[in-house]
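Chains: A, B, C and D, in written order; residue numbering restarts at 1 for each.
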Amino acid sequence: MTEQTKPMMEHSEGSPGYGTFVAVWAALVVLTGLLVFVSHFGQKAAVWGLLTITPLKAGFVFYFFMHLKYEGPLVKGVVFVALGTLLIFFALTYADVAFR
Amino acid sequence: MGWMVEASTSARGADKVFLVSLGISVFFLVFITALMIYFVIRYSKKRHPKAENIEGNAWLEITWTVIPLLIFLSIFYYGWTNFDYTRNPPRDAMVVNVLGRQWAWSFQYPNGKVTSVLYAALGKPTRLDIRSADVIHGFFVPAFRLKMDAVPGHVNTTWFEPTRLGSYDIECTVICGVDHSYMLSKVVVVPVEEFKAWYFGGDDAPEPGKGLGAEKSSVAALSAGVAEAPVLALLRAKDCLMCHSVDGKPMVGPTLKGLYGSTETVVSGGKERAVKVDDAYLKVAIQAPEASIVKGYPPTMPPAALSPAELSQVLDYIKSLK
Amino acid sequence: MSSQASAHEEPRDDFGAKLGMWLFLVTEMILFGGLFIGYSYMRSKYPAEFHHAGSELNATIGILNTLVMLTSSLTVVLAIVSLQRGEKGKTVAFLGATLLLAALFLMDKGIEWRGEIGRGLYPDAPHLATLPPGEQVFFGLYYTMTGLHGLHVLAGMGVLGWVLMRVARGQISRDNSVVLENAGLYWHLVDVIWIFLLPLFYLAA
Amino acid sequence: MSAPSATASTSEPSFLVDQGPRHGLLAWLTTTDHKRIGLMYLAAMVTFFFTGATIGIFMRLVQLSSLSHMMTAQTYNALFTVHGVIMIFLFVIPGLPAVFGNFFLPLQIGARDVAFPRLNLASWYFFMAGAVLAVTSLFTGGGPPDTGWSFYAPFSIKTGTNVTLAVFAAFVLGFSSMLTGVNFITTIHRMRAPGMKWFRMPLFCWSLYATAWVQILATPVLAITLVLVILERLFGIGIFDPAKGGDPLLYQHLFWIYSHPAVYIMILPAMGAITEIIPTFARRTIFGYKAIAFSSMAIAGVGSLVWGHHMFTSGMSLTGDMIFSLLTMIVAVPSAIKVFNWTATLYKGSIDFQPPLLYALTFIFLFCIGGLTGVMQGALAVNQHVHDTYFIVGHFHYVMFGGTGIAFFAAFLYWFPKMFGKMYSRAWAYAAWFPIFIGFNMLYFTMLVLGLEGMPRRYYHHLPQFDTGHVVATVGSWILVSGLLILFGNFAYALFKGKKAGSNPWGGPTLEWTTASPPPKENFATIPTVTGPPYVFPVEPRP
């Protein structure tokens, strides 16, 4: 209502077309294939795949499909805070688990 | 804390931290309260009709951020060192296995002796490996300022070195069911020689700690089996009384009071049926309990190893509990 | 949004609606985050058991479902593009495709669960009780997490179905596309969660 | 607010008068007016508060040794569980944000309503549904739950009592809390009046903003934990059951990841309300506006990271113990900052010692005791002794009752004339203070002492050495309750027979005082334009 008129303009102009999203989808399929491929090289590779490729895929969905790319700093900040909090929850739980 | 007994080395450490943090707390509380009261009187509407709008003072803000931070951090450090102490038992400590279950403690010593009261030798470190058989319990000795939970699936370790003869309360501090508040016992601290005499003695070795006031407590009286019917001692020895009461109180298993002659619904093989409780049923229920569990109770009772003589003694006793 | 009788009608706040939706998604992320914390806690406790139990699952169905899920996410985002371009027919078609894919996903899931339950791999099953404790926990987590995800798929289908109906009736168009966008956001989050579930369970072996 | 440009015309009817097509109760139950929803929360919560207090009285009675036979141990265990569930989930957590937040957030930022009025009503229904479920759990299934409000596994998955339904009730209540959080954050971001910059917001709004973030970020963890307990009980999924490889400590982590931040959900809005009251009656601007605003955010942030201090005796790793103890000490700092700022706001003011200020200062005193005892038990060596004893019970009653509860009363005293347009008897409000203050300290300070002596919490039966303490505490509880009855009797009387209150009886500086008492349905005739900071004195008289 007030000073936040800036983010209102969002995607109305220059919004991406079908092609962009199909390309993103193709990338996601390829990454899935890569993940499955990597996980055949034993437990360690599977865990590394889990820790790197999966967040990358999730990032693609967030960034393009969920239009985060086209959002203002506020929505980006909200997502950042949520993920940061989760990360800290993990870290502090591991402060216990990893040192038992 | 003058009015409380410090009976171990850890208690001394904990009390020091307590007193320091108490002192700081009281200082802050008195300071803030006095200031508030003074301001309210000094700057009341009558005495000070025109307020001054002071929006803040950066230096003051920084001061009262940094000073409390430093104080709190030093309290943390002080608390940590004394805590660390209770978590690192010395190598020469005697290891006692503590088992909590609904609703009793038992203590097993390295030589296999098992007691329901914890015996410890004065000035000798005792390490406690604390386990639980069912749900979480809390092992708490106020006189030692010592507490450690008994968590099923975990072995939690702590230790103490008694500095005073006497008998001290053990209490359960984590809600564990209906008789949580009766899950009590004692630590009995005795001179080393007395402890050795009991520890290395045979089954008939004298109980240590007589004359320490231990027997005055109702708990100790229960545990020591003073003036108990022999059959009650038998039931206790076979752990029956861990789950069955003789006074009508619901526990893990059904109470034995008024049991004989009643009609119960039992579950056997997944089916329910009504049973009149008589000698035949009780014999089965004691020796092969998993075959017919009374509805509403967990199927956790182990078969009790009783000689025929003991069995008839128990049956007579159950009949007598009207 | 304020009441109908209002003399002062508030201007519609599309950005506010979207912000609210994102905040709601935050709660969903943390909801599943709690389960992920539980999973990693247990996995660090029982690495070998998780590895072994993971091999009991059918990775092919898991991967297939991942592809289904990704594609359904694509169709939703395409539906938004078409709505903003005013191509109503396409929007309806894309949303319909999403619903079909979602149904396919649930069907796959159902077949998979039936297979596992048939093999005695479900909580409190006599067979499962004979397995080492870590594997029992694995299956407990597996059913909880995939089950909760399945419920979200079902909820998402409900929302998208409702949106589809309103698009077909012309009640949602390029002027108020924020409704579809918010429904889409929800669906994508469901997709993201599945992206994580795949390696956690199916590729753990 | 220096010269807000607009005020309500007195001709508009108040929000208490039905204006829609519906009338009477139905009009209330279908309203989307934030003020009415706030009052509906208020009605529900006062009921729950007195229910919980009555249960508390019975718990105290049992501790008089001569009366210990009035109920069985099982009943006692059920009572303290129900007391905890009612007080925490139905009163303290939602108390200030749902009642005063709903009512005054839009008024203070110059808006007509919250961002999602219908969602707001839905939150109220979730709240009531949760409450109904909680009450139902007492009379169905295996009887009322006996696990304590913390539902610790594996006891909560083994006990035969009706834990499943009670836990589900808490789950639904969590939903209500989350949706309120979503609503408030969006409202604060989107609905502020023109010129109401972030640092022109009243500090109560800042505290609600911080609270809403905690509600959003922590509550879902509780939701999932409770779902796991339900699944555990229904299907035996084994995640918390050690017999199946599960781990009770995981339960504790997940539970406290929510339930410690929940403490800050309880206390932050209370601090916010106090921050409104003090400058109004000191007739001067708040000392250190930004410090207070930022400390709210800091409490919300760091407060979410200290849950492990509930687990110092659970067998957590030593590293965990150390990190959580350290963080616990750090979270005390922003609270200390607030206390210093409040005190400094009294300095060189022109203090009008009205009942809200008396209760606000009482809050500071009691909260200091609560906070400082918190610091004491944050020290690991001390914690080992006092954990799970009456010391803890005393401590958290100082924070939750002495803190949030008293702040609730202070806020009610402060805003009552605005909400209902009536004024209560100030003499009786002062009179109620004495029994409340004396009874409170007799009850809970004694608990602190009992805890140090080694009295464990949740004990039906206590050892004889604790007799005296229990008698003192029980007598204290009677005095406390008589004070509460006077306080609320005064409110009830004023509701019907109170003198008319003007639109700004206290000379409050913030926007809610510029509109009529009670406010009209649309809050403001025209949306005000804000030109300066919130606490500017002297307040210019309204035309």
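The working rule: a contact is a pair of C-beta atoms (placed from the backbone, for glycine too) under 8 Å apart; a residue touches a chain by one contact, two chains touch by 3 or more.
Owing to the predicted nature of the structure, the values given are computational and were not obtained by experimental measurement.
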item: Pair exhibiting more inter-chain C-beta contacts, A-C or B-D; value: B-D
item: Distance between the centres, which are taken as Cα means, of subunit C and subunit A, whole angstrom; value: 15
item: Rounded Å distance, subunit A centre to subunit B centre (Cα mean); value: 49
item: Between subunit D and subunit B, distance of the C-alpha-averaged centres to the nearest whole Å; value: 33
item: Between subunit C and subunit D, centroid-to-centroid distance (C-alpha), Å; value: 35
item: Per-residue overlap in subunit A, given as positions that touch at least 2 other chains; value: 1, 4, 74, 81-82, 85, 89, 93, 97-98
item: Per-residue overlap in subunit D, given as positions that touch at least 2 other chains; value: 189-191, 217, 221, 243, 246-247, 249, 253, 257, 318
item: Contacting chain pairs - touch in the sense defined above; value: A-C, A-D, B-D, C-D
item: In the complex, subunit C residues that touch subunit A; value: 11, 13-15, 18-19, 22-23, 26, 29-30, 33, 36-37, 40-41, 44-45, 47, 51, 59, 63, 66-67, 70-71, 73-74, 76-78, 81, 84, 181, 184-185, 188-189, 191-192, 195-196, 198-200, 203-204
item: Subunit D - residues contacting subunit A, complex; value: 189-197, 213, 217, 221, 249, 253, 257, 304-305, 307-308, 311, 316-320, 323-324
item: Complex contact set, residues of subunit C against subunit D; value: 1-3, 5-8, 10, 13, 15-16, 19-20, 23-24, 26-35, 37-38, 41-42, 45-46, 49, 122-124, 129, 132-137, 139-141, 143-144, 148
item: Complex contacts: residues of subunit A adjacent to subunit D; value: 1-4, 74, 81-82, 85, 88-89, 92-93, 95-100
item: Subunit C contact footprint on subunit D (complex, rising order); value: 19-21, 31-33, 112-113, 115-119, 178, 181-183, 185-186, 189-191, 216-221, 223-225, 227-228, 231, 235-239, 243-247, 250, 253-254, 257, 522
